[in-house]
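Shared chain: chain A. Partners: chain B in the first complex, chain C in the second.
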Partner chain A sequence: MLKVALSLSACLMVLSWGEVVACLALISLLFLLSKPAGLETTCFSFELDYFSWALIALTLWVTTASMLSSTKVKNSSKSSALYLLVLVSMCVSLCLTFSVSSSVVFYILFETCLIPILVIILGWGYQPERAQAGLYLLFYTMFGSLPLLIIVLHCSNLMGSSYLFSTGASMTGLLSALCLSLAFLIKFPMYGAHLWLLKAHVEAPVAGSMLLAGVLLKLGGFGLIRMFYFLDYNFLIMKELAASVSLWGGLLMSLNCLRHMDMKVLIASSSVVHMSACVIALFILSDWSVKGCLLMMLAHGVCSSGLFSLANMVYERTNSRSMVVAKGLLNITPTLALCWFLMLTANMAAPPTINLSSEIMLLISLVSWDLITIGPLILLGFFSATYSLYLFSMSQHGVFNKTKSALNNSSLLELLIVFVHWIPLNALILAVMFMF
Partner chain B sequence: MMIHPSLILFYGFLIFSVLLVVCAESWFMIWVGLEMNVMAFIPLILVKGNKYSGEAGVKYFLVQAFASVMIMSGLLLKSCSWVSMECLLASGVLLKMGSAPFHQWLPSLVEGGSWGCLMVLFVVQKISPLVALSFLLKDGDYYVLVYVVIICSTLAGSIGGLMTPSLRKIMAYSSISHLGWAISSLLVSSLTWAGYYFIYSLVLFSAVYLFNKEEAFSLNHLMLGDKKIRGLMSVSLLSLGGLPPFSGFVPKFLVSVGLLQCETYFIFVVLLSGTFLSLFFYMRMVLSGLLLSSGSSSLVSSSWGSPKGVWFNAAGVLMPSVLFFAL
Partner chain C sequence: MASLYRCCFRVAALKNVPRSPTLIRIAGISTSKKDKDTTIRTPQLFENGLPEKFDARVTNKHWVSWGWDPNDREQDATFIHVFFFCLVTLMMVTGGYFIAYCPSSQMHDWAIREAYLEIRRRESAGLPHIDRNLVPEDQVELPSEEELGDMEIII
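And then the complex of A and B:
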């Protein structure tokens, strides 16, 4: 892990786009070659298991793609070196968060990841409303993380050490369960604590959105998995509370997606829907549900980051995120329309993608937990397919709004970005057998 | 600017009086040290020589003289073992440092001072009353009063800062709310207090240094000035707010570990919620620095000015937390 962090820090020294992207791609390749067997100590106080390994790989991958897709910042030279610095420091802090083995340091790093995304939103956002989005982001997360600080320090006090993987402490009761999971449920975000996400996505520049949806939301799932070590598993009230709120909340959000005209809000809401299934699966905490949740986080991370980069390509052409303005793109940019189709089929879990296998695993574990979840889950699955289709047909079909004078078709770089997202989604289906 | 020789005298006296209080072995010597402290500080307020600083000087003198009377009479009455009088001594000390139920003089006074003077007021002037309070806490009679003071300081500081656009007042309220942390670190141990206070004053210095450099006295002034300095200022402010990666989190972390080991959960929860509230006004300053920027305004073409000082500042904001991680 130290090697990864050090080589990433070497990127900080270079601070030029091509080199940093090449370095990151190389690091992610080398990292993929080093799969840990079990819980593996990589160096002092850093440990990797399959969960953190997969999430670090996702981080490296999404960061590379997000740098590729923010060429606009590079070309406009709006303090682009600083932008790179922020992106790389975010990548470093995320990798460290995913691999650290002390709960206190985990808390500190978990909070550290907040700062770069805040800087990205405040510094390179589109509109003055980014101030509000930044405040929402900061205060929602801080509200959850202060109870987390209390309980983390309390647990390490009780156990005498802050080692994450020891099963010694057993906190009981609703309050401590709430304190332990609130920060991560807000980060996830569970329905009800998701307002900051929509605002942040709308205001963030493309790399911010990609990293936010692709990796930062996964911090929530990762943190929950880690914090469950501290809980005595008798927190049934919390479990059922969180599961039912996010089940019905996911259904509501998927209905809500159908009335958005803003592409980015729609994609952001769709990630709330996907994450709600992850929340339930994590609280069920069976073998299949945890693995399905990990797979879902990977699939959704790659897929939503791809969708956000596509939305940005449309934004760069039409200067609008609204699907009233950006419609009928099929006639203008047919190759991008194919890209939209491929990413959206992945988003609605069409066959060869890992989205499908993860949804199957999640559905099986949810239904085996309680039969009564079948009803909402059917509706949830139906509507999540519906809003993907809705997004595709609203943006691609129809008559193009002839207000713009010139549009260029997709460049090679943009096709590369889409396929960087699409290929892992479809290729990883071959790796699913290793999950069992 | 030429340094007037009398300034050296007064600063010397100020430091000497603090040392006198820290090393004192009787309450009488503490009282003498506190009086010397006031007498040395008042000329430092008056350096600017306009009517606001005059008003501030008079206010400071009156409040501190009253606090001294309270301390003295508390000391004298302590010998006749009259229980309700015991709080008089503690209240005098608390009034001197400007903690919450006795805090109203501090925000009304700060408008008269320069940033250098305020830095002395926020940091040096609070050392000797805090040390005196730590002597009082050894007896263990004052815990209820101290708990009330901690809660009031944290909440009054963090809510008061929301209501004013003046940077000096905001910093005064922020120092009041940090005083809540400082007093609660005294509940843990004197060493924790020393660690807390040292790092806190470094972080405070890093913010106040930039305010002084930019000559910023209200929220609107933050919009002007150099872009890089504004960026750095926002880092300093977030650090002062106690966000984890910055060094402002380190003293808070020290105190929280100590408080949880003493099992004083209630105070800890109040302190954390105070931090959460005060983050609002720090964010307000950060946003008005970062967002409402008027591009290439810089009326005062400060540029990087003295890079040495600015880099010292950046190191002060980030280095302690790096060291902290290394531990």
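And then the complex of A and C:
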């Protein structure tokens, strides 16, 4: 199945935008129908786990939506074919990363995924600050990657093979745990190593933002899950450290969201908040926490991607990401206001979205691990709802600034994009009990 | 009393007044001239030639794009149809139907069926549904003291 998907993706590089999007949609449909029963071997060195399958499905879905959103680049840019090539290559490298079963190859592909997003930011970003954003992205990831390379090579040397799913080598000690998880914690991002994300999101074009928030952050979680096979379960210090930094950091970021004026920075900070809960859940490694983390990654991937596409729709109309300039949009684009409302209520974990079910699972698992987490979690949940409401109110309510004479309400394609994000969020709640 | 007398007097006076009919026919039954009819195409109307046939698909005067292509109308319509078909009809409707109704790949159905069969077997054998011991106690083989040596036993 994966071979078919990859070969098709390779062929798609010669076709134009519309055909690529349609083919990607068909490939993702075929992929969704081939759910693995356990750990299935696709071909040599490629194995599909349930985790891998879900994240590849998310990748294909978010890539399709990001291509649909990039109509401005498609229509106006001379390098639109190159942009399409970069997006397809990113999709391919992400699918490969999620399905590989060798730790060394996984490391190589993990680094490979960095290149297309860097090219997108530097090549099609809007502002001169994208150079600094690219540097931050590159060096933050590189900082964590070198220890990871060393420890991965050491583990494969110790075991005699680099098979990811073996439990032969048990690395003990804080240093090993730190080396194995640092790169992924930076990628997630954990609070403290999150500055690159805020910069990258602002400077990236819409497809870059959607892929970054939708899939690339989930690489961190996926990497942690895979690397935990190498660790002895006694990494308590690391667990406590990661949990406390993430929990309080998430709370601080949710408070920080309330002071942002830039829509994209706010949505990026919201990503950090959601992922902080995932970080703790992954380190706890209980049944519900891991499942809740996967569900949260799926829910957040789709929701965040939808929010970034909506922010881009506003940016295309008003040429501003600022909520001070682009306000009162309810008067001008009421259909998009409804779309904003639907996505932001999903972001604040309103029923019947999978955001709610994932937050419930995470809350229960975190509180059952240690009762002291209940305080910050209450505040986290509350402020998460507050900043979503704040974003909606600031952008939609109020008096519209008449900086532009005419704005179209919404085109059919834009409604399709929001629909394609909103329906999985709400429909997958019915499939949650069967997902596990 | 006086007002009633006055009303009756006025009604009596109105009885003899000729009233105009409520419905007056303006158009007669006879055949009118044909110059008001627009169904018949007379040669005089089209002395300067027939007008251009209006086709809504060709004129671009007030065309609004569906969102995909702002210039080419055909491409725009074609791709929007393709996207809706692929994403909504195929993926959401058909794909959702398959995912909802295909048998569980995690073998949930098998597991529940096996559980019921196992319960029936245990009940007929007089065993409890869930036994405290995984392996029957008389079948457990413990190592001897010599084999254990200094090994730490953790319970």
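Definition applied: the second predicted complex is superposed on the first by the 422 of 436 C-alpha atoms of A that agree within 3 Å, B and C clash if a C-alpha of one lies under 4 Å from a C-alpha of the other, contacts with A are read in each partner's own complex, and residues count from 1 in each chain.
The criterion applied here is as follows: contacts are C-beta pairs under 8 Å (C-beta built on N, C-alpha and C of every residue); 3 or more make two chains touch, one makes a residue touch a chain.
Note that the coordinates shown come from a computational prediction; the quantities given were computed from them, not determined experimentally.
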Have a look at where A:105 lands relative to chain B and chain C in the superposition and call it first, second, both or neither.
first
Applying the document's definition of touch, where does A:338 land relative to chain B and chain C: first, second, both, or neither?
neither
Touched partner set for A:325, first chain B, second chain C, both or neither:
neither
Output check: A:33 vs chain B and chain C. Expected answer is one of first, second, both, neither. What do you get?
second
Based on the superposed arrangement, let me know which partner A:135 touches: chain B (first), chain C (second), both, or neither?
first
Touching partner for A:154 - first (chain B), second (chain C), both, neither
first
Chain A-touching residues of chain C, taken from the complex the two chains share
64-71, 75, 78-80, 82-84, 86-88, 90-92, 94-96, 98-100, 102, 104-108
Note which residues of chain A are touching chain C in the complex, please.
18, 21-22, 25-26, 28-29, 32-33, 35-37, 64, 68, 71, 75, 408, 411-414, 416, 419-420, 423, 427, 430-431, 434, 436
Under the definition above, what is the set of chain A residues touching chain B in their complex?
93, 105, 107-108, 111-112, 114-115, 122-123, 128, 130-131, 134-135, 138-139, 142-143, 146, 149-150, 153-154, 157
Sort out for me which residues of chain B touch chain A in the complex.
238, 243-245, 249, 256-257, 260-261, 265, 268-269, 272-273, 275-276, 279-280, 283, 287, 290-291, 325
